[in-house]
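Some structures are shown below for you to check.
Both of the next two complexes hold chain A, though its partner changes from chain B to chain C.
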Partner chain A sequence: MRGSGIWGALALSGLWAVSALPAGAYQIYVTNEKSNSVSVIDSEKLTVVKTVKVGRRPRGVLVSPDGKNLYICASDENGVEVIDTSTMKLLRTLDSGKDPEQFTMNPSGNPLYISNEDNSEVTVLDVEKNQIVARVPVGVEPEGMALSPDGNVLVNTSETTSMAHFIDAHTFKLIDSVLVDKRPRVAVFSKDGSRLWVSSEVGGAVAVIDPKTHKIIKKIKFEIPGLTREEIQPVGIRLTSDGKTAFVALGPANRVAVVDAETFEVRKFLLVGQRVWHLALTPDEKLLFTTNGNSNDVSVIDVASLKVIKSIPVGQSPLGVASSPN
Partner chain B sequence: MEEARAQEKLKIDIGYIAYAKPPPPLYDPEAVPRDEGVKGAALAISENNTTGAFTGQSFELTDALVAPGESPVEAARKLADKGLRLFIADLPAAELLQLADALRPSGALVFNASAPDDRLRGPDCRANLFHIAPSRAMLTDGLAQFLLVRRWPRTLLVVGPGEADAAYAAAFRASARKFGLKIVAEKPWTYGPLARARGDNITEAEALNFARGGDYDVIVVADEAADFGDFILYRTADPKLVMGTQGLVTTSWSPVHIAWGAEQLQSRFQRFAGRVMRPVDYQAWMAARAIGDAAQNQKSADPAGVRAFLDGPDFNLANYKGSPGSFRPWDQQLRQVLLYAQPKSIVGVAPQPGFLHQRSVLDTLGADLPETSCHLN
Partner chain C sequence: MVRLASFVAFALLLGAAAPALAKPTDDPDWPCAQRRTGEISAAAVWSGPDLASAGRWDDDAGAAALARKLASRRTQMTEMDGLIDEFAASAGADKSMRLTRVFAGALDVINSERNRVIAGVVRYARGQHRLAEKIRAEADKISDEQESKDVSSPSALDDASSSLKWDKRIFDDRSRALSYVCETPILLERRAFEIARKIQQRL
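Here is the complex of A and B:
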């Protein structure tokens, strides 16, 4: 085996990628679901620079558009924690409704749109006033949340109902519900808003939906030699802003699929850590970070070369991941 | 749009047939609840209706819980006369077969939520009968894989007096042959239901000595009535583990299973039923969810369409055990992950890593295509 040679080359290319980054590193925040902590990774050093204790069962994570606040779904605290990114100290805990799992934020920085897994609801939360603005009943085990780029449509996936729910983001009324494959997890809009991507963990597929007609225009399936269909469980999705590439995390298949976002052809599988859950791109889209729930690490993918350049040990059961905007 | 949907609403009636559960003869902290099974199906119906609210389908469960001595077949016929064509049954094998045969002319499908008998998946299989409960062969194959991986291949098999115990023992013998375990000795249990005896009763000296000697690693008990399996652990001369129907059990579900999102289902069920979810509840839940999935996919509850979909390659059941469930077309048994459960924790899952299969590793548990004696028509 050419192991040492490959690793040497990878380490070099990793260093090269780092030195090619623009001035200023990004912070990558990883929620460790079972050690109740957040690991902070420096995107230049590609190491954990800080680990902070947070509320119980941290899952969803995002950074405010101005980069100042880190938001964390502390599921077993029934709250969303707000952390100052400059000090990594807890500022306050917001009333998220019961069992918050995932969320998304209005690009203006307010409100938060939260899925309450144990409560079959989506909660809209004014983060300034710490006040619930609306509660929208959806299917059983709501999970993925996405806001259309124009801010008009909110999408939630419900795992047990196997649907993507389209919600008017101003009146918070349900517009439509689209049946997808079993156990939908993550929903992501393309940057131009013309496509909605929804991963189905148990169905083993990703549905690409036209958000105007609510019709599924493509179902992407993944076939990996040597793996059974049960082992291919898509969860995390990230799209590049040029609309050309989609990355799909495949759970216990331990791979990230690289998909041509225009033709929907699966181009490549990248071997990462065990049970890969969620993905985050740096804002310059040069690096992709993956949380690997069973190997307790984060894989770093160089987007230009489509190579896995490093794995970084973090806490127990890493799940959510988000990058600072600057 | 909403109005149009309301008008098109399709009503799907499912019948639930079972004997009413008798109260326990003695104090039993884990007595079978009177609503065992039916509560699992009812929870699944409410989940189907959440999806149905968006797809224009409404599901309803009608239960017929018959007293001992009454005929579950007659109860089901009455529901079939009202137009019901989908049934979930929690019945012993003999009554289950009578039910499937009686309903067959109507085209109805029956989902077996509890009977583990291998003959129902073999010579006595029926084309209108789906099995949600794992077969005994699946349970003992799972156990055999565990013993092999742990390198505890030599077993003492202790067999209870019941017919079900003999059937479990037969399944374990077959699994031992299949996976290369050695049954060092077999002993019948002849000391009565000591596990149910009170602590201040005099325990029988022979029962403490029966497992003495013999070069074995573990004791496997075949005790489906739960009369003695729980008595043996800690009462043997040598320190031996107990597994099989008691001790470490292979099972479809356990209240302490929380991986793969199972915690959600556990807490949903607890809120709904006011008690923990038992394997029969879970199996009835899977049955009603499978029917719901098929009706959604087919946009119809026509039993022929439901059967074709469930037997086909596109059906997968999200059942909170990591890998989805699906039906084996050769005997209509739900292939599923099984849990190795002790009372307060899950020890692992079957199939164990390393047991490979060209189609699905789940087919390393139970009767596989080449060995099936079922001929559906």
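Here is the complex of A and C:
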């Protein structure tokens, strides 16, 4: 590997070219759970511009608010890896607690709130000091993590207990737990903080919860002619910032549901790839990217026309997806 | 002590097989980590025209021939576009209907192939269970004989040990092959999806 310096330099210059693209080109980061890698997709070229090796079983992925760091839950390494987005090199591995699966970040860039699937805890991690600030016991198999836009309430879903846990984001005390349908996976707040959306994979439904009263306002069910209820497994959710549209990934139904976020009516189903898991919108909300775990690709949806415009092959078992903020 | 040794050997043997038998499921006949699912429904991969209204695919010889070709695992995924384009170009006025038939046929063929594979996996799992039982019995028998200190027929003991060794080896090899066997239904699902996607792009 004597030539690695040259290759490294070439790779780096290629990357400079990518970051020098006109405004509007975002980087979409996809974790490939079985190939232990991250695919980087350019949102204008709609191709994979780089693939980097990461720790074993990468699942959750997010980009710091300043766009400089990429955070990855390397579940089998029991750590969160921090990657410099300009070089795509590993900077450090943070002490995340056991088996980190999904996480969310404070809008200030610190701390990180991590769900630890194996030990029924939420870990609050100071990313600068690499220090665990708090460990919050929650239900069995915690998964989805969301922080309210005002930063006051942390929500975690526990798959086996089928609950959405509301946690005070300052004292880290449990405020309340809301029973939802079986196997809740993802929790997302609307931009104004007035709604919390929780998907239940086995229950086949999405619960819309009022975060003030902790009451379920609406349960959204999905019916697709020709498919059994078992085949419809909601996981990933993304909401547009105008509060009008929600996208819900339906797992083995191979579709993304387009939901009117005001009336909660399902408007459309878009056939994407096989076993669609997670979703990411570009910051301009023009494109939606879906990870398709069985077909090993990412589908690209044009948000304005609600059409699937491309399938981009990535690594084995793509799971998490996040867009750069700029 | 000898019995303990053979027990340990058996435990080790099972331990070695453990990765392939990981994630025990509720169904003892299903050894794969991936859930056993029913047939691939058209709706899971297809959002094009209704299949029934396109008419029987096996009455359309051209469509049926392409369906079988696309469904065959001998056909590379990369060859599909060319094959479908060629058919579409000569399909005539009812191109969409005929392409729909191609998909209906390919799905039927893939589903019956997948059923065969799944039945094979079940047979395989049962075979492994039987072999595990046999290994356990052989190990017990050897340790019993060793314990009874009946060395009147040392060659019989040797034979039994050799048989045990072979069975263990077969068991291990089959366990290692399991992940490949389990992948096959998924590969077929992927093929069905790809065919559906490629055909829908041309409707």
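By our rule, the second predicted complex is superposed on the first by the 303 of 326 C-alpha atoms of A that agree within 3 Å, B and C clash if a C-alpha of one lies under 4 Å from a C-alpha of the other, contacts with A are read in each partner's own complex, and residues count from 1 in each chain.
Going forward, a contact is a pair of C-beta atoms (placed from the backbone, for glycine too) under 8 Å apart; a residue touches a chain by one contact, two chains touch by 3 or more.
Because the structure is predicted, anything quoted here is derived from the model rather than measured.
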{"item": "Joint occupancy of chain A by chain B and chain C, clash or fit", "value": "clash"}
{"item": "Which of chain B and chain C A:163 touches, first, second, both or neither", "value": "first"}
{"item": "Chain B versus chain C as contact partner of A:295, first or second or both or neither", "value": "second"}
{"item": "Contacts of A:271 with chain B and chain C, given as first, second, both or neither", "value": "second"}
{"item": "First, second, both or neither for A:304, with chain B first and chain C second", "value": "neither"}
{"item": "Chain A residues touched - chain C or chain B, whichever exceeds", "value": "B"}
{"item": "First, second, both or neither for A:91, with chain B first and chain C second", "value": "neither"}
{"item": "Partner chain in contact with A:228 - chain B first, chain C second, else both or neither", "value": "both"}
{"item": "Touching partner for A:253 - first (chain B), second (chain C), both, neither", "value": "second"}
{"item": "Chain B/chain C common contact set on chain A", "value": "228, 231, 252"}
{"item": "Of chain A, residues touching chain B in the complex", "value": "117-118, 120, 139-141, 158-163, 165, 177, 179, 182-183, 202-204, 228, 230-231, 252"}
{"item": "Residues of chain A that touch chain C when the two form their complex", "value": "224-228, 231, 252-255, 269, 271, 273-274, 294-295, 311"}
{"item": "Complex contacts: residues of chain C adjacent to chain A", "value": "37-38, 41-47, 186, 189-190, 193-194, 197, 200"}
{"item": "Parts of chain B lying in touch with chain A, wherever the complex brings them together", "value": "47, 50-51, 54-55, 261, 264, 267-268, 293, 296, 316-318, 322-324, 360-362"}
